[in-house]
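A, B, C and D are the chain letters, set down in written order, and residue numbers restart from 1 in every chain.
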Amino acid sequence: MSQERPRIGLDRDEMAARVAQDIPDGSYVNLGIGIPERITRFVPEGRELIYHTENGLLGMGPSPEEGEGEPELINAGKRQVTAIPGASYFQHPDSFAMIRGGHLDLCVLGALQVAANGDLANWSTGGPDAIPAVGGAMDLVVGVKSVFVVTQHCTKHGDPKLVEACSYPLTGLGCVDRIYTDLAVIDVTPEGFQLVELSPGVSFDYVAERTGAPLLPIPTATAT
Amino acid sequence: MIDKQLPSVAEAVADIHDGATVMIGGFGEAGSPIELIHALIDQGAKNLTVVNNNTGSGEVGLAALIKAGRVAKMICSYPRSMNSTVFPELYRNGEIELELVPQGTLAERIRAGGAGIPAFYTATAVGTMLADGKEARQFDDKEYVMERGLKADFSLIKCRKADTYGNLIFNKTARNFAPPMAMAGAVTIVQAAEVVAPGAIDPEIVVTPGIFVERVVQVQNPAHESELVAAGVSYP
Amino acid sequence: MSQERPRIGLDRDEMAARVAQDIPDGSYVNLGIGIPERITRFVPEGRELIYHTENGLLGMGPSPEEGEGEPELINAGKRQVTAIPGASYFQHPDSFAMIRGGHLDLCVLGALQVAANGDLANWSTGGPDAIPAVGGAMDLVVGVKSVFVVTQHCTKHGDPKLVEACSYPLTGLGCVDRIYTDLAVIDVTPEGFQLVELSPGVSFDYVAERTGAPLLPIPTATAT
Amino acid sequence: MIDKQLPSVAEAVADIHDGATVMIGGFGEAGSPIELIHALIDQGAKNLTVVNNNTGSGEVGLAALIKAGRVAKMICSYPRSMNSTVFPELYRNGEIELELVPQGTLAERIRAGGAGIPAFYTATAVGTMLADGKEARQFDDKEYVMERGLKADFSLIKCRKADTYGNLIFNKTARNFAPPMAMAGAVTIVQAAEVVAPGAIDPEIVVTPGIFVERVVQVQNPAHESELVAAGVSYP
């Protein structure tokens, strides 16, 4: 294993910013809790995205100013939000009709594990004492057109989160399209994990060593 | 930037292809997107499968589309009504196919198609000829039949007011099939009497959220089918 | 067969009025085309009914004044109507959720035939040249809590419409609860047609002769 | 005459029986009918099956009902959230049953129950442990599981404004599960911040038509769960 530096790869905001670059103008987007939430701050100038929150709002805006929030205007993470001009409120069956019916262009989720075949585990560690709680994750991964994962490349203990097969309970089968980590951007392809881009200062070998399944190098570039 | 408004009905329907499945809103004349249908007649697409509760009346709107020979198959609940002569004649001559679906089953099949539900069970039509060939099944000692979700390549609907994000509100009983058809159409095309900027429609009263709508075109004073029929209009 | 008089039994308005007596205060009601539509005019003083029309209106009011109708405010028969204070408009899936989900208290329909087991035929004569058209009839008969039929006792040709088994294509199985004709009120029971009431001046035998299946007399009264 | 208004929350919930299935609106605190829940605690019904997206927070509202030992089983999608300690403790001790349902499947099961649909198919949860024991089936080469409609003996929901016919409009994201639960409850009980006469709500903007509502009670200034929790309130 290569020598650890105190800091290598992207920080959380940089990861969010990297994802933001890849979201086309005009997309309807659902963002998970954590790093995905930060993406809104980094959408490039000139692009307009519409944010869906599954608890019944299309056109979610930023957090309210201090003291101006409302307990009945919240997002799926139960945090107070705002609504943009052109927003709409709706009931849960309609909200999940949007998701299940394939109307959302993109969701960005966190992950516990992603397998080389695109299987995702992100809702439960399966521990005997864990309170199982799934929310809308299983609906999102089967319904939304593109599923992006943004996650640290490894766990706090240094174990790979990109694996041959998930050991945690699954959220969905073969559902992940692309993974953004602190170290790299990786596509899930029929051949497995396919490197798309390395974070600045990160080598292919460094990423490959921290990936729990074979990582295919970028075909047209020399792996550095 | 998101702006779903197009300048004309012709541009709005330009890419509807031969053989497409097209859902058309409306119950009788209420909610019938006549101007979009006429643009579709002008455009020329043929061999269409059309989903509508009825089959139009007189020789305008949906009836005119059928009369022009563009519709290979109708999926509907009530292909018979006052002033409806075009469909019955073609049907008796074996020149148009009919899939007859109970009205509530039709509405729910369209919603299911838009909501990502491939099939559901209903007691409607159990024991009747409209259940022929459908899977039957008991739940809690009651008989049901399985019905499939229904999707379309294009949906043509009419509304009272739209914003440029595609948020829609409707007029009275003209709402009917438009919201589920907006959900079930891969490309949903809306003619709105008024098109406004985002924010001009209260988010609490939006009936169809913009995510279900791809194109909006303003038709300020839409024709009423009954008035055209009474005036003896035949399109084109 | 007893001697025909030019007019025996109830006329259409009297039939509608007779049905109206049996609809409880506060009911949500769907009325079919024809005689059922007339019921609204005969609702007894002090009773409030709310009318549902399956094309998306709860709280349907009477026909508009001459020249005040709107092409986009119509009923299921495609006739212009009005909306009462406290009405609501909704989309078709919601309208049939009301029907299919058992939320309507009562519907009153016409009939071609009703069988002694409650089977109803009211949508098609099955003729080779008939354009089949079903509308919402099949949804109503399976979903609404009580299904009343109002019909002439016999066809124009004098054939019974209350029969042992329907020969026309069915609308629904065992769905009719009660039948109002020009001659009588008859319940559908597990034992078959059960007479509830004779129209003024009509005898049991007169009705029984015109009924295509056994008619049970009123248990507590002497058949006249 | 139709007047669904009752004078108090106590009268509104008086007949909820032991063993009832009770749907309770709300997503987190938004839409939670706290006053109705507290009236249910006072009323004493036990051995309830409760359907809600969550399990409440602090020791008020739904969490207080659970803490009082009245809930035998929760059907929900996310029984874990900030300030939620009551449910986890009982669950770990095996003192409460949990049926975990993906959120969209839960919403659709409730709508199906209210719409007379006994079962439908969804791709959600295919291949996961939440599909265990459920019928699997392919449509058009894709895998689905069958899910059953869900009904309740009583539904308790909250809204912004109701008329005495039971027509309802909601407030922002507090709408969430209330409309489908109103459909699925045999007896739907609504607490409304404002109760008005029929005609005072525009028929075009009614979200839940009165046919789905049996009882309305005015609770003019409903409490917010987060404020009660922050204030350390424990009910009763």
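Worth pointing out:
What we mean here is this: a contact is a pair of C-beta atoms (placed from the backbone, for glycine too) under 8 Å apart; a residue touches a chain by one contact, two chains touch by 3 or more.
Every value quoted in this text rests on a predicted model; they were computed, and no experiment measured them.
Within the contact network of the assembly, the step distance from chain B to chain D comes to 1.
When each chain is reduced to the average of its Cα atoms, C sits farthest from chain A.
Across the two candidate interfaces, B-C and A-B, the one carrying more C-beta contacts is B-C.
Put simply, the C-alpha centre of chain A and that of chain C have 57 angstrom between them.
If you average the Cα atoms of chain B and of chain C, the two centres end up 30 Å apart.
Averaging C-alpha coordinates per chain places the centre of chain C 37 Å away from that of chain D.
Among the residues of chain A, those in touch with two or more other chains are 57, 83, 89-90, 93, 96, 99-100, 143.
The set of chain B residues touching two or more other chains comprises 108, 111, 115-117, 122-123, 170, 172, 204. If you check each pair of chains against the touch rule, the ones that pass are A-B, A-D, B-C, B-D, C-D.
Residues 1-2, 111, 113-117, 163-165, 167, 183, 197-199, 201, 203-204, 206, 209-212 of chain B are the ones that touch chain A when the two sit in their complex. The part of chain A that touches chain D in the complex is made up of residues 53-57, 70-75, 78, 83, 89-93, 95-96, 99-100, 119, 129, 131-139, 142-143, 169-173. Looking at the complex, you find that chain D touches chain A at residues 27-31, 77-82, 87-88, 91-92, 98, 100-105, 107-108, 110-111, 122-130, 170-180, 207, 224-227.
The residues of chain A lying in touch with chain B in their complex are 25-26, 28, 46, 48, 50, 52, 57-59, 83-90, 93-94, 96-104, 143.
Within the complex, the chain D residues that touch chain B are 108, 112, 115-123, 139-140, 142, 144, 148, 169-170, 172, 204-205.
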